[in-house]
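Chain nomenclature is as follows: A, B, C and D, assigned in order of appearance, with residue numbering initiated at 1 for each chain independently.
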């Protein structure tokens, strides 16, 4: 059975993305996974990866890094190569987020290397065309997020549904298999429902969950709406 | 009593800087601290900070991050603001390492903010003059490391002792209090002895400890030689 | 009639790329254009664009910038927006050279904006896959140059002909119209001949022409071999 | 006799900083120089340097680049090393402008290299402390410009005179000879008068001259007020 994806980018909200609240979101995610079976991905800051991994251990919730530096391991003070993530036990990595854009050659290098190391890649893009360009490189997932909507609470699925349909169309022309996600402004279950109905398999969200008073409620609402859209 | 400083930059050596070996270095450092009382600073990768902090808990060994991004917390995917480090409980941060140079305005911003947050700063420089420029900004420690000697095993104290003496001279002209460290090519206790005799208070080392078969032996040798030089 | 392309990246060789020698290459290019009618593109440093434009005036030789910064005009000290190039009268711009890589979103932004301003784009890529990714974005030309061969004098057409054939294959899957160039290690007319026979329309060269004792001879040899390959 | 300095950063305003208007500002500057003898520095975009140099030839007006890349000449597509500027005949270079910040090690490398090549350096800083840090490195001029006032038309000499007096105090502690300039929000002759009275030798201005309807009037007003302040 196909399952919807709810990917949570913790970003670096203070204090929400760190410490006890970072773990609480992880516990809530595990609970929703137990109750719904949705694919939930958590992407905490580098400094919180180890502790979040401890919390989700044994569950189906996956942990991704928010970024990886395009460097080989070695004398690279303050950089995080993919090997550091693999060693830690994370499942994948977000690349090229609009707040952390990468050079094209580096995106390709990181996707290829992550594949070799057994890490999954979720690559972001700002418009349908760059989403298609990225899809040519063979990542596991692509999320097209118009930067002007990120963090606004105005869901791309409502404000610019054509961004989603164009993305699906352009990406499918060059890559039949890559998973497509919707991002930017997603804040409720109904946004997830719309995103899935428009042809994607789930969402990439940040503040709507990370800063929520009850992350559990939001994650669950999104997971259930994702299933509902897939089954209708 | 003045104590010598042995600061260990783990860098991103694979597999040495990560996982079990990262913790082993930390345990060895705690043992040397218990036996000598030297000031030992460990700077593991972001992803290992939480676990290394657990190991040194209750001891006098301090944990620094290798870098901090010059950003406020918030929507900053994949970046690590100082607040993330403070939240974790680290004691300080290395800034402007030759492998991760920062813009001048950002160095100043980070030093000021770290001070406010109660985090110590160890700022690197490539030559005596930039060491003095950095000292003007009021960090806790300055380490002048000629990049061409970093990682060579050729100690700056032997190859270019004038780098150390010039650094001390230029830095003291503009800042009476900042702690001065020696770095680049330091690999044995005798290098630490020489560095302290030339007027600095300790060393910043990487591979000589991180890749050592017995990190304990190297750390201890360095700590003891540091004390010896201070007392002679 | 289809014509071969000889694109000359001056880079920043000293003193070759600057001053009198920069103009001499331009005069030689005009002479070859008069004698053969080949499409010749010259890409001198920003600081030499005005004078090189003066030299080629009235001929069919085109002048490109080596780079453009992904910024709008305005308060941007030391940056060169596309408008600065348009104002000067250049014909196009090289983007994403292996020595000046750009972020994916910026490549797309620059291609779209250049099109609006009537500037042509020659976008570089390091491997066939990134060449295809770039081709999705609709530039005028794509040059796939394996960085490890750039500047070696070992022509990619001999050392790695599969890079060229794979590039042509992958790029044509996503873009029927973009002009494909061969680059890296090209130094003689026979390399141009091979490059065209492998399915591209010309070459991107630097030192072989810029540092040549007689640039005229090399440009002419390349132009003639390009025509020969196209007609055979 | 000591003369005031009026340094004009053209930035990249469109169309003001380019083409005919760029030359008109240069002609106006030459006229003011002829009439007052003030030290006038013009810093047009890289692409306009050659033509502006032609205009000021034979006068005492100096031409600076807005930036130089911290690279040696060679295979550096799209970068401008100091040698490119020297070759062109410019007199100096602005470094570390708030819109184009540099790494500390690179500022030092560029100052040293410019000195060897006979190019003068005007280094910007954001606050008095970084101004002093820069002064340690021995540039010819330092301009402290609070970024929050740049481009506002609110002169730093009125809004934050303590920035100027603190800069002078901190810089003089570490460097007796460096010329100190005032920048940010300077728009009239009276701002220049105030800046000189507060202890600096002139100003760094951009839009107030570059976008002026009659650049001649503004430059002259500033030059005369500079002399007036020096003589009073």
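The definition used in the following text is that a residue touches a chain if its C-beta (ideal position, glycine included) is under 8 Å from a C-beta of that chain, and two chains touch if they have at least 3 such contacts.
Here the structure is a predicted model, which means the values were calculated and not measured.
*Asks:* Following contacts chain by chain, what is the lowest number of steps it takes to reach subunit D starting at subunit A?
*Replies:* Steps on the shortest route: 2.
*Asks:* Please flag the chain sitting at the greatest distance from subunit B, going by CA centroids.
*Replies:* So the farthest one, by centre of C-alpha atoms, is C.
*Asks:* In whole angstrom, what separates the CA-based centres of subunit B and subunit D?
*Replies:* Here subunit B and subunit D have centroids separated by 38 Å.
*Asks:* Could you tell me the distance, in whole angstrom, between the mean C-alpha positions of subunit B and subunit C?
*Replies:* A distance of 46 Å separates the two centres.
*Asks:* Which subunit B residues sit where two or more other chains touch them?
*Replies:* Counting only residues that touch two or more other chains, subunit B contributes 98.
*Asks:* Judged by the touch rule stated earlier, which pairs of chains are there in contact?
*Replies:* Chain pairs that touch: A-B, A-C, B-D, C-D.
*Asks:* Mind listing the subunit B positions that touch subunit A in their complex?
*Replies:* Counting only subunit B, the residues touching subunit A are 9, 11-15, 17-19, 45-51, 65-67, 71, 73-81, 83-85, 87-88, 94, 97-100, 150-151, 206-207.
*Asks:* Okay, in this complex, where on subunit D does subunit B touch?
*Replies:* Against subunit B, the touching part of subunit D is residues 96, 98, 101-108, 125-127, 129-130, 132-134, 136-138, 170, 173-174.
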